[in-house]
Every structure is written in C-alpha cells, then in structure tokens.
Amino acid sequence: MAYAILLASCPDQKGITAVVTDFIYRRGGNIVDADQHTDMDASVFFIRVKWELEGFLVSRDRISEEFSSVAEQFSMDWRISFSDHVPRIAVFVSRHLHCLYDLWFRHISGHLPCDFRLVISNHADAAFFCAQAGVDFVHIPVSPQTKDEQELRQLEILADRQIDLVVLARYHQILTSAFVDQYPRRIINIHHSFLPAFAGGSPYAQAYQKGVKIIGATSHYVIPELDQGPIIDQDTVRVTHRDSIADMMRIGQDLERVVLYKAVRWHLEHKIFCYGNKTVVFD
Amino acid sequence: MAYAILLASCPDQKGITAVVTDFIYRRGGNIVDADQHTDMDASVFFIRVKWELEGFLVSRDRISEEFSSVAEQFSMDWRISFSDHVPRIAVFVSRHLHCLYDLWFRHISGHLPCDFRLVISNHADAAFFCAQAGVDFVHIPVSPQTKDEQELRQLEILADRQIDLVVLARYHQILTSAFVDQYPRRIINIHHSFLPAFAGGSPYAQAYQKGVKIIGATSHYVIPELDQGPIIDQDTVRVTHRDSIADMMRIGQDLERVVLYKAVRWHLEHKIFCYGNKTVVFD
Amino acid sequence: MAYAILLASCPDQKGITAVVTDFIYRRGGNIVDADQHTDMDASVFFIRVKWELEGFLVSRDRISEEFSSVAEQFSMDWRISFSDHVPRIAVFVSRHLHCLYDLWFRHISGHLPCDFRLVISNHADAAFFCAQAGVDFVHIPVSPQTKDEQELRQLEILADRQIDLVVLARYHQILTSAFVDQYPRRIINIHHSFLPAFAGGSPYAQAYQKGVKIIGATSHYVIPELDQGPIIDQDTVRVTHRDSIADMMRIGQDLERVVLYKAVRWHLEHKIFCYGNKTVVFD
Amino acid sequence: MAYAILLASCPDQKGITAVVTDFIYRRGGNIVDADQHTDMDASVFFIRVKWELEGFLVSRDRISEEFSSVAEQFSMDWRISFSDHVPRIAVFVSRHLHCLYDLWFRHISGHLPCDFRLVISNHADAAFFCAQAGVDFVHIPVSPQTKDEQELRQLEILADRQIDLVVLARYHQILTSAFVDQYPRRIINIHHSFLPAFAGGSPYAQAYQKGVKIIGATSHYVIPELDQGPIIDQDTVRVTHRDSIADMMRIGQDLERVVLYKAVRWHLEHKIFCYGNKTVVFD
C-alpha cells in the first residue's frame, strides 16, 4: 500500500495539528501515523503525518499544490513524499567494508528499501564483493593532487545515476565544500566515535590514549565542517583496560553498522527533520 | 501552568485525530503534546493529547461533558485528567528499602509530583526512615492467619486517606484478589526479574541457578494472577559467572529503582494506557 | 606467535594457581594471560592460562603428558589447546540467513579464526550465497519421516570433514539426542529470546503477545532438552508498543548476530568452561 | 574474614605471577581472587591478588617487609592493603544532593563499606539531611576571594578526621592544585558528561546545544587539570529531541549516581590501579 508522508516545521502556534489532520480527513485520508514535537526554547513546531493514498480524494500530483495554502498559513518549511518512491543510493567506501556488507545484506533481506545502485571507492578492495553482489562498482583513486578533479568525476556519476542519497560507509576521504554543497542533507556519514568526542582521524586510537571506558559511533549528515554535521544517531559500548586499539576497532564495528543503518533507514522513511545543526527523528 | 490530558482508545477508523484536535482547537486550546498509536493487528486506535487550560473556552468541570459527544461518535474508552491534580500515593514495603528511599528522594527533588502520603509495611524496618522523612508509617504485620483481616485494615486506611495509587516497592506479600479488585490498574509492583522469566519467589536465586548472563527488573500493574499483570517497563543488566546471588541482588537494585520510578512517574503523568494484558506507554 | 592454553577446573584448595604458574615458569613459559574463578557455593576452582610456546622447554606433543601430574595432584578436569590449531566449523541454517552472513563476513574480516568449511541447510536459500562465497553447501531437506535418516547423513558429512564445532545459525529443526550426543559441548545454538523466557517456537510472537518492553537473544550449547543448554551469552534491546512482531524480528536480528558471534569466538579461543548446566566465560 | 590485597605493577617479564603466587602459597595463604593484565604496548604488567589472612604464616605487620624482596626483584610499584581496614571518606557537595543521598543509602544498606564520616559543602542545603542521617556536616562557603583560605580550612578538617578518600559528589567548585596535590589519587569526582566530550561547566546544556542522542557520566580521579584525570567508570543513556535540558539533568542523575558509586566502591576495594593518565580496574 502506498502512503503520503508530510514532514513540516513552522513557528509554534495554536491549531497546527488540527488544521493539518483536518486537511487530510476532509479529503478522505486515513492517517496511519502522526507525530509532533515542539521545541519550547526555539518555539518551533514539527509534525510528521503519514496517510494512505488509497481512498484519498486528491491525486498524488496535486497534493502538494493543495496543501500549499495550509503551509502558507503557518509559514511552514515542508515537503510531501510518497512511500512507493524508491530512492537511489550510492555507497562510498575505502578499505573497511563491514558497513557496506551490512547495508547490502539488510537491503537484500528487505530491511532497507532503496535502489542500491552504486558503490564508489578510492580503493579496489570492494570490487570483488560488488561483482558478486551485482552492484555497480566505480574505482576512483584520490590523491591530494587529483582530489578536486576526482570529486567532479564522482559528482558526474552521481548526477548521471540520479542518486538521491550518498552514504559514506567508512569512506576515508574528506569531501570538499564544493561536493558537500551539491547534496545538502543528503550525505550521511558514520564516524567511529561518540561525537563530539574524538572528531577527526583515528578516533579509536584517541579513545585508547584517553583511557575511556566506553566507545561509540555516530551517524550524521555531512556539512563542510568535518564531523560537525547534525547528529542522527549514536550508540556506545563498554570497553575495559584489556581492550587494545585493535579490539576497540573490532568491537566498535558492531556499533558502526547499526548506527549507520538506522540513519539510512530513517532517512529513506522520511523520519528525519534537520533544524539548526540538530535533528528531530520521528522514530 | 495547568493542562488537560485526554487518554482514549477506540476501534480504528478515519478521522479520529482530526476530530479530536479540531475539538480542542475550536475551543481555543493550545495542544502542547499529542501522540497516537494504532494496533494494526487488533485494529485499535490510541491517542493522548495534552493542552493548556489557560485560554481554553470550556471550564474544566464541563470539559468531559462536552467531549462526551466526540467520545460517543468513536465509541471511545477515555478519561480526561488535569495536570494540577496531585495524586495521593501509598508505598508498601517489607524489609528491602532501596526502592522506598529512591522514590522518596526523587519526590523531594521534584521528580515525582505526588502527595507522598503513606508507607505501609508488614515489618517495622521503615519506621525510622519515615519518621525522619515526615511520612506517615503504618506497621501492619501479616501472617497467613491474619492476612484477610489485615488487608481489610489496609483497605480502610487507603480509603480513609483517599489514596489514588498503591506502589508495591518490594512488598513481600501476595495481595488477594479481594484487595487487588479494589484498585484496578492502580497498583504498581516491581518484580526483580525480566518477566516472564523467573516469576514468583527468589528470582535472583532462580537466575543464578539457571546461569543467565543478564538479570532484569519489571514494573507492572497488579492483577490477581501473581506477576502476570500488564508490563509497564523493564530493564536488564549484564552479570557474569563471578557474580554471586548477593552480587545479583545488589546489582539488580539499581534496575529495580529506576524501573519502578519510571512506571510510577508515567502513571502520575497519565501516560499509560492498558488494553488486553499489555500497556501502551506514551513516553 | 603460537600459544598453549590450559583450561581446568578442580575442587578448590590452596596453591592451585601457584603450582600451575610455577609449572609453566620453570619450563621457560611466558604467561600472557591468566584468569581464575572460584565458585564459592560449589567450592570449585577454575583456571585459564595462556603462555607462549616459543621458548617453552617442553615440546608441544609432550606438554599434556608433563602436566598430567599437576592435574592429578588437584583432581583436575582439564585440557590444553594450541592457538595455531584452526578449528573446522559447520554452520547449519534454514531460511533466515542474517547470522550466516554475519559469521561469514566476520570470518573474512579476520575476526573469526576458523576453517569455515561447510554450510548445511534443510532449505536451498543459502545455496547462492555459499556458491559466491566459495563455501561448500549441502542441501539436506528434512521431514518428520526422514529426520533420523537425514541426521545420519549430516553426521557422516561432519565426520568426513572432521568438523570441530557445529553452529546452529537459526537452524529451524530440533536435533535428536542421537545427534546431540555425538557433539557434546560442541554445538552452539542461537535462540531469539532472553532464555529462559520464550523457549520453543516463535519467541518474538510470544514476546509480542506478552507485551514485554525488552526482547533478547541467547547463545547456548545444545543439549538434548530443547533450549535448555548452558547459556554462553545474552543480550537485550528495548522495544515499545509501536513495534510489531515483524519489527521485533528485524530489531532482534542485530542481537542474534552479535550474541551468536561472541559465543562462537569465545569457543574458538578456548574461553568457555561448562560445569553443571552453566558456563564460566573467561572473557 | 580478613584478607590481604596486593596491587602491583612492573615492567613485564616472565614468571611474575608464578613468583607472587608461590610467595603466598609457601606461607600458607589461600588465594581467593587473582587477576592480572599486561599492557602490551607499554610492556607493563599489573597484578591484583587477594588472600586470606587466616592461616597465613606471616603476621600482617610483617607482610610488606617480607614481600619487599619480591617487589625489588621485579621493580614493582606496589602496595598491600587489608580488607578489614575501614577507610574514612569525606563527601563534598553543593546544591544537587542526589549523589550524596545515593552514597548514603548504599552505605547504610551495607554496599559501601567505609566510615562515612563527613560532608563538606559550600552551601547549607545538605545540613538537614546530614543532621537526620547523623553525619557531620561542615558548611564552608567559598567565594573567589576566600577560596584559598577556605581550602586550607577544608584541608585542616580532612587531616584532623584522618580522611582517606575525598568524594566530589557534584561539588561545584574547582579545587586548586594546592588542594589536589595533598590527595593524589585519593579524590574522586563525578562529571555529568561522557568525557572527553563536554568537559567544564554546564555539560547538559552543551549536550543539548550539540544535539547529541546519548548523554553520559564519568567518574575519575582528580588532577590539577580540570576534568582531565584518569577515568574510572563511564556510562551513557539515550535521549531524544523531546528531552529538554531539564529532562537531561533528571535522566543523567541516574547515571551519575551509579557511575560515582561504582568508582568509590572499587577504590575502597583496592581494585583500581592508575598508570599514565589511565586506570586498570580489576572488576
């Protein structure tokens, strides 16, 4: 069954939920999920509503047009998506492939509804796996000298394949602003620490040196500032003095996989709203 | 600021959210929190809405009457509560007092908004603490021979003090149906295992014998069947072969305290809806 | 570098650690890991010691013989293993393949040091994956009528391949005692609940009906009694009223994968000691 | 029953465990707990051994002297403690009293074996509680102008009462080096974030601004550099966009209490070894 999904935010005031749900109800829509949130400090209201397209009296290509009067009334920042649109994703990896494997097997198990179209890497390690899995693999080596040029090539490929979402699944290159700005709120990264602790390189080595008793992983949207984008999900796990850096890397992989997967899944389900440099996740 | 809180469930159909929120909006109400849930299997709809009484055009003693037409339209099981009503609670304990201490200190820290009126115990251990804290303490010893009679005495005291909620904070007596039936969905118990595992007596000893690697705690509403009532919250913690039964008891207390507290707090905030033998917690 | 690993238990008495470590020290051994535990209730002592073979004055084929006098002195139940022996494992699956995928990718990532030799299934679903991965796949359909005969066939194959450890990675057939008795403490199963809760079939459906707020997974050695063997590891995760049975199955898979993996890894590293129906895990 | 507890570290080499356990065994000691750890990077060996004093052939006042030859042989940094020595602790608080309450009730429940002698505060809030509990309370207001002088007064009181361990249970004053240097590795602080994230003031507000999805707490030994001392324990808990700063403070308190308690308990049990700026916790 297909659904329409409204994600909206606006200055808080009375009656927003009533007007939005009434809009849907009067057009024959059956709401299957509704969630709202008010940021009391900022006085901003957020709403996510999901309703059945079947029986809805407005055809899907006219829904946004009709809703725009409601949106204007409340000065909304909004979008309406449809659950049967299958987003196209490209996964960027380097040499650690556990997140790629994980996303792929969740995908073929039906838990990551997307068009898993493309893997791009600065190394050749993932080529064999992609060949077996039947996923396009593009090897684009990157050096400091070739970075700008290679990013242009990456962007061309992404545009050519009409990619909706870029997933950095342990891609060990820092993307330039020029790249990031092409996909605002559409690049998700996994960082292998509980940000803001241990941003930058070698977070497990940093954690080991510091002697922390928990390690973590963070998925976030990418902005030009390294490891500073809006956090989508985080998780942590206990370590002890017995765990070497290699142990932390191994143990942390289990976090990275789940934390990245959840972020990608929520994005695909239109459950994430960014504002300021934070996220509202309507889980 | 005072709020009205509607908790309702009904057979699922279109338009419930729209009609409910419209009811509030048209009477000048500002909704500050709204949550809904649909049990797809049972086709049952649940809603919780919280709105400001200030500015609401219906006086509080007439709200339920006005809302009853909406409730009838959807065949709702419902109630409306007011956030400034301070519920009166009675805490039953035996000899383990950690949950009592915990509830009390959360109460005086402002995290458990209630009238912490009364402690009843079959032992005298809590008497000194209650005297210091300034809480009424009633010592009612219970033996198999005197149980029925003593329960009557307990019920008299609860009625006399107009107790809204009974909290069994490690009360090691099994209440009879005669008692339980007087406070349906208004008695919360903490059981020191992750139910349904290790129901009944000595759950830590059972867990130790079984060799489990996690232990847990469960808060639930009490029904006549022992440890079988609707589960409100649960949590678990890792143990190892090094932990003796005494260690498990000590470690488990940290779970018991939090799991019981959360259940009591949610109950006081009108966030729990029971149906069948399960709960919906609008956390 | 190669190591010898002693796992032993015996009635508790003075001096065991001293005598054991002295035995190794006097023969030039460098202990890199030593752990011990005393079950005070049962008065049983457990020890695990790992030392470098390089520089040890006793050749590996004579170590057990030399140690036997120490073992006799304390009436030990013991074995000495060598870290460079690569155990051969066979993985049994049915239609849910997430645990198989997971074990495989940990294996090729170097985190599961074994000879991943063989997959046996009563369904054909895993055939394609195994072909790609280059792992032998044997399809052995099982019906109530053919079970005994097919188990004999399975046992033949296991014997033929000299399998050391059988991993039931969501294998949905109950093994008979005749089978289990051939591999005592050498069959590891993953059960998708926090045992002892929800033993038997459809544990997620059972959990949903009960309305629990946490679900879990348990890895254990298999004994003839279904889901009753010594527990090796468990973990749990929170669910809410919003989670359907399908959601629980999806969420629970993340537990199953890690909990099974940890059990297999610990077994391969000679870190698990069974006694009674419990385990000591020298993690 | 009384025990001797050896905590030692030294450059790693062969035979340390054997020599240490042999030392105890030959003098009739029954080892009830032994744990060791080797930091492979730094090539440092750590050992903790606990044995029964009953039956030990060396009187307790001569044990250290006899052991010193072993210690010299391996160039150990070491100390031997006795389990029946009851350490005297002083708890410093300001206005948040949840950690004080928690430590106190664990103490009277028998879970924190110490002489809970003294509470010092720069505010009067804890006075009433201390009076009821029968604990000495000293009110020492601190202003920037009076800080040095008041710290001298605090130090006098600590010396006078022969305090072994200072616990900063949400004491909102930064201690000077002059103070800290008097109690090296004998001041434990609770910081309300997962360090190194959000060091310094108002960590919950920092966490809220950053939009993290987990918050944490850290217990550590105090060194002159603020929030930089060796970490003893940490824990984290999930938050969502719905949680205000006030919610985070409330939720985080449950972490703070347990994380501080565990650190204090481990310290009292001689389970913590500091090296570099890290800890080994023989839990």
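Which chain is which? They are A, B, C and D, in the order written, and residues in each are numbered from 1.
FYI, contacts are C-beta pairs under 8 Å (C-beta built on N, C-alpha and C of every residue); 3 or more make two chains touch, one makes a residue touch a chain.
All figures in this text were calculated on a predicted structure; none of them were measured in a lab.
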{"item": "Touching chain A and also chain B, the following chains", "value": "C, D"}
{"item": "Third chains touching both chain C and chain B", "value": "A, D"}
{"item": "Interface with more contacting C-beta pairs, comparing A-C to C-D", "value": "C-D"}
{"item": "Chain whose average C-alpha position is farthest from chain D's own", "value": "A"}
{"item": "Distance between chain centroids, defined by C-alpha means - chain A, chain D (Å)", "value": "41"}
{"item": "Intercentroid distance (Cα basis), chain D paired with chain C, Å", "value": "37"}
{"item": "Per-residue overlap in chain B, given as positions that touch at least 2 other chains", "value": "none"}
{"item": "Footprint of chain D on chain C - complex, ascending", "value": "14-15, 17-19, 21-22, 24-26, 28-36, 38"}
{"item": "Contact footprint of chain C on chain A as seen in their complex", "value": "97-98, 101-102, 105, 109, 111, 132, 250, 254, 258"}
{"item": "Touching residues (chain side chain D, partner chain A) in the complex", "value": "37, 39-41, 194-198, 210-214, 216, 230-236, 240-242, 244, 276-281, 283"}
